[in-house]
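Both of the next two complexes hold chain A, though its partner changes from chain B to chain C.
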Partner chain A sequence: MRKKTFPVIAASFGIALAACGSSSTSSSSSGSSGTSASNLPAAPAQITVGTTYSGSGSFATSSLPELAGLKFWIKTENAKGGVYVGGYKKRIPLKLIAYNDLSSATTAATLYNQLLTQDKVNIFVSDFGSVLTAPAVSLAQAHKVVLFDQTGTGIPFFTPQNKYIVLTDLPESSIWPNVLAKFLISKQIKNLAVLYGTNDFDASQATTLKSILSQNGINVAYYQGVPSSTTSYGTLLQTISASKPDAVLEFGYAANDTPFLQNVQSSGMHFKMVFTVFPGQLLSLFQQQVGTAGLAYTYTYGTNFYVNYPTVSEGLNSSQFKTQFAAAFPGQLNSLSLDGYNTGLVIQASLKNAKSLSQTDIRAGAAAASGHLNTLNGNFVINSEGAQTGELLPVAQLFPSSSGITLKAVYPASQATGSAVYPAPVG
Partner chain B sequence: MPKLDDLDLTLETGSKGKKLISPAIAALVPIVAFAVGVHLYSNELLLTYMAIYIALAQGINIIYGFTGYLPFGYFGFFGVGAYASGLVMLDYNVPPVLAVIIGGVAGALVGAILLPLFRLRGAYFAIGTLAASEAIYTIISNPSLQSITNGPYGLNLAGFYSSGTAYGTAIALAALSILATSFVRSSKFGLTLKAIRDDSYSASMAGVNVPRQRFYAWLIAAAIAGMAGSVFGWSTSVFYPQAVFDPALSVLAIVFALFGGVGTIWGPTIGTVVLYAIYNAIGVSNPQYFQLIYGMVIVLLVLFAPRGLAGFWNYITTKITTVRAKND
Partner chain C sequence: MLFEYAVIGGILLGIFYALLAVGLNVVYGAQKIINLAHGDIIMLGGYGAWELYNTYHISPILSTIIVIPITVLFGYLLNRLIAPRLVKASDPEMLSLILFFGLSEVIQALASLVFGSAERSLPVSSIPTSRLVLFGQGYPATWWVSALVIIPLLAIFVIFLYRTSIGLQVRAVISDSVEAAVAGINSKRVSGIYFGIGFALAACAGVWGVFIFGGVSPTEGAAITITAFAIIVFGSLGNTLGTIAAGIIFGIFYQLAQVYIPSWSNLVPYALVIATMLIRPQGLFGRRQRIA
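Right after this comes the complex of A and B.
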């Protein structure tokens, strides 16, 4: 019996592998090769935009406004009859397919594949952040579909081998702190403390910053990575305080920045400069959770939400967007909703330049837009690997005001809307 | 007191022929179903993950169903496997299928290192494994180890990506895990494990080397999780440490195993297929109600089928037998 059973099992493994081998990856319905004007297929009745979002979990507060921004772009374009596709010289209506990944990378992966293999979407957009974008990268590459990566700034995504990714709304994470480093140098800060989450997004910023500052003779007296799940900073702050830094920089996600700022306030310690990443992106949320006193005179990245871009080459300008979006999606206006809308504008520019709806032509359309597209998020520039090198983030400071907290860009001078107060006043 | 070697296991579990046919069918059905399924439903990654979860649920079945030790930190072996296989692929250009086996060995090695956790029991053991897995995650994602593990920056295996081969390997792993469970269930080894689960002191008095037998079961479960993590990493291709050291992996695997019925061959497989299918069906069709519906489904199942589908099936068959006996 044993002799009969095991050959059957072995044969079955063989059948399974053979069956699976033939089912490798299939391309999207929109095809992957470039199209010349003479053999342009008929225009589809609609263009499907597929994405996932985090309806709950740790990324929900960032993902939901980003989705709202994308929805707003679709609504705006459909009101005009659809998005303009250069190859067809006409507008085609947009349809959104969005699945809830619950902030889980595993769930996101299967839903991304659902969008590619079942829904066969024309435009493939990833969820917020690097963790949830990661599973989409190789799927997009394997299916030869362009991934419009909204805010997944992780370094591993951008390689010379991957021609199917475009980072739309933020610079690659390793170049985020370039402006911040220049600001610290300009303030002649000599002794620094850096605390960062041990994840790709935060660690890459800390590494870049340390490297630039070391080259300029600035001492990073305290440099410590902590797990991304850290929410208690009392002991760490004691150690930081002992190093007597001129500036304390904490690179974390929103769930880290909030307790960090709360702990600084409750400890009664005073630092000349405190920098955190997310208040500039989720200011109203931080105002609720940390309060005016805890945020006053701290620094953050001044996302383009707080920079006024009156003249744009595509879409609404800053003030138009804020007015119209707030009316359409009350309570969801922040820098991430602007990012979601900006994703739409990059897609729009790519389609305007595209000769057809083939993925190769859409990717070529994005490359053609690079350097020429000015939106409410700044100048869109991507390198050959699809990584964003434009839209640099200014340094901003949070000032107490009659309405609570006001964010003003303080560096560089070209984007400044206020002057930095350094050192921060006591009390 | 009879020694285990004196027991006639054939009498307890049926004839030798039946002992071999039953596991063969249990392994063959999913192989054929997955091989055919991908031609009917082309979301291959979803099916790959389903096969991976079958393997994980079977691993939980071996360690919990047969020894009574519930490892909440089971995801630690999964993450170790994903990293071990990913690193040997990237650093030594090892073929992916061989790397999957190496991932299994790495999982077993970590299992051996964590053996002292068996000094704990019940909830303490569950929490101990959770803490150990979190510690492994923190070590692997530590920026100081970037030259070895790439720290928090994750791994990019895009150069090795092959969805079809990864799918086939996931199916083979699911079948292998079912065969492993079958072996455990029908062997003297399985009988000793059940004895340990029911009363380890009495088992020890009967001549069972409790630590050794438990250690073997632990290694098998850890190796399965390591291989499952390897296939996951390979099929996902670009991943961060938090994606493969995710406690939700343990939670889902435990829920799937319990729902199907632990201590059985078919239970974890059926539990995974049914619940994972519902999980994804709701996620695609009604994403806004996902957690509400899925939570309600699990609550109802726990209320009305506390021993899982296997227990429910036994209840039905017993009822039918009783009714027939009365009628006769």
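Right after this comes the complex of A and C.
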């Protein structure tokens, strides 16, 4: 794996190289129309997988385990001789090219461009989350290269005009709050507060949720976007409290959810229901940072990390992955490492179905896998725009236990492993 | 009610911002340079508090005191290392900017190596958790506890600066180091000590930054430096009391923005700098410079 030690220099070089390479044609984008068996080019010696990751900064805690999951998939496949490509009917070794974007969307854009124009990667994978995926979406579309979008779930990425994106690990943002909205309706909550980060990921969820709730006669008394870099919530909480909500929902990234939950605790306020996004994905980290008292009885999205999938059509099942990954990457096992591995499995299934390594065939391979691919992350289903519509996330609640905090899915009933406690007990 | 809450909350939070900025102002006073690594020193203070709590179960309140001698010594030694070279340089301002930019990068890289890239946070239970109730409204424990620790710290610093003989020497050196030397003051030593105190104040701010910012991470330094710079420009470069007042005003503005324009609240530091430059370039508490 290559790393950029000097991001400023790298960025400058990237811009220069991008300018030089603007007229060149990426090998990975060659054959943007499908390839028939008769004119199939010779199989490459290796398939390059290009991505960026956040080695530091606000997204590092999510990005690094996701990268570790992807590395684990590559290691596993290379141990078998490479990934199987259907068009060539043989396995081809994988090579990872990963650059450090330092959690900066600007740096990520430059590095994505480098992956496409200089490294000419065969498989293009974006970094964690919508903020760092956004620059990759337009670049992939411009270069006609399929973007394997791991966790960038923002609605604007998926349009009928964009044929070069596949969301691999999570449902599109607009789908996330569907189950949550049904849960709120089932609890007969009449008045709630929504605070969200003004980025694609969080704003998409907030918009969808508000729309569903409004249609069902639920009043969203407080609905406010704040900058994604917000870490001080004391006054915002006071404003929320003034609206006397039955539930407070905060849509943010991990770097927002942590201070939000800490501020709720230190303000001494009590709400009947508090929901945040990331504790379900990074539970052990949140337990360290917020503590049992700050997390007790709050709600989050339950992820497939907490669901056992014993039977899968591709890759390892849930328990096999947890055992083998923990041994290979100690201390990095969480739902995001599972996502990174699952990205690999979607790529694997796409290549298995692909008639060649042309981007059109790879995209067609992903479409062919849709609905038939069952992994440790659930059923992979994408729509015509590449947005994931399977792998729905249940609503989960965090319960104090002898070991600290235990996550239990509480809605829908079909996935529930516990019963919701609403309103949350005081103290 | 929300207005009053924002004002009182802003004062409590502003006391923290005053400490956040005053260290940068002190370093400017000692050497007439902008310490671009200021935010990184704050970050190190945060990691110090995190380490002391997690390894030795030392309260952040006590950590605030523990970090002082360590960072004074670090700042003093650094000053003695760089000051002679800066004095000899043909363009000391530019050299200092490059030097502190480099120092910032080095500290950031070392912090990533030592502490990892993940954000670290301290549990709220590591400090008293009761909220402060004023005029019927409750304020988070992190706000009032940090204010309660920082107020005496700032008071001691002001007394040191204005009521002690070494403080007098410091002010003499700040005013004119050549004349101070003529008067028998060891300006190199005094500058070094004052420089170290600037670092110590930054590290103390870092201890409480873990609570106010929700955690500490290796890359937070640059954003903190910008905020601190905005505050000292607003309060007048080199003016200690001006910086303290500006920090409190900044806190109030920030909290009012969170109530009335939450989506734009993070623009407050930048708006302050631009407004100061346009309306009162010498800063809120600065005097117009007399020429000749």
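Assume the second predicted complex is superposed on the first by the 398 of 427 C-alpha atoms of A that agree within 3 Å, B and C clash if a C-alpha of one lies under 4 Å from a C-alpha of the other, contacts with A are read in each partner's own complex, and residues count from 1 in each chain.
Everything that follows uses one rule, which is that a contact is a pair of C-beta atoms (placed from the backbone, for glycine too) under 8 Å apart; a residue touches a chain by one contact, two chains touch by 3 or more.
None of these values were measured; they are calculated from a predicted model.
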Partner chain in contact with A:P227 - chain B first, chain C second, else both or neither: both
Touching partner for A:I155 - first (chain B), second (chain C), both, neither: first
Residue contacts on chain A - larger count, chain B or chain C: B
First (chain B), second (chain C), both or neither touched by A:A203: first
Partner chain(s) touched by A:A293 [first = chain B, second = chain C, both, neither]: second
Touching partner for A:A134 - first (chain B), second (chain C), both, neither: first
Touching partner for A:A369 - first (chain B), second (chain C), both, neither: neither
Which superposed partner A:L102 touches (first chain B, second chain C, both, neither): both
Which superposed partner A:V346 touches (first chain B, second chain C, both, neither): neither
Partner chain(s) touched by A:N113 [first = chain B, second = chain C, both, neither]: first
Interface residues of chain A shared between complexes with chain B and chain C: 55-56, 102, 198, 225, 227
Touching residues (chain side chain A, partner chain B) in the complex: 1-2, 5, 8-9, 12-13, 15-17, 19-26, 55-56, 98-102, 104-107, 109-114, 117-118, 130-131, 134-135, 137-139, 141-142, 154-157, 159, 161-162, 197-200, 202-204, 207, 225, 227-228
Contact set on chain C toward chain A in their complex: 1-2, 5-6, 9-10, 13, 108, 112, 117-121, 123-125, 129-131, 137-143, 211-215, 217-219, 223, 254-255, 258-259, 262-266
Chain A contact footprint on chain B (complex, rising order): 16-17, 20-21, 24, 27-28, 31-32, 34-36, 38-39, 42-46, 49, 138, 141-144, 151-159, 161-165, 167-169, 171-172, 175, 179, 232, 236-240, 242-243, 246, 248-249, 280, 283-284, 287-288, 290-291
Chain A - residues contacting chain C, complex: 54-58, 60-61, 64, 102-103, 198, 224-227, 229-232, 234-236, 238-239, 242, 254-255, 258-260, 262-263, 265-269, 285, 288-291, 293-294
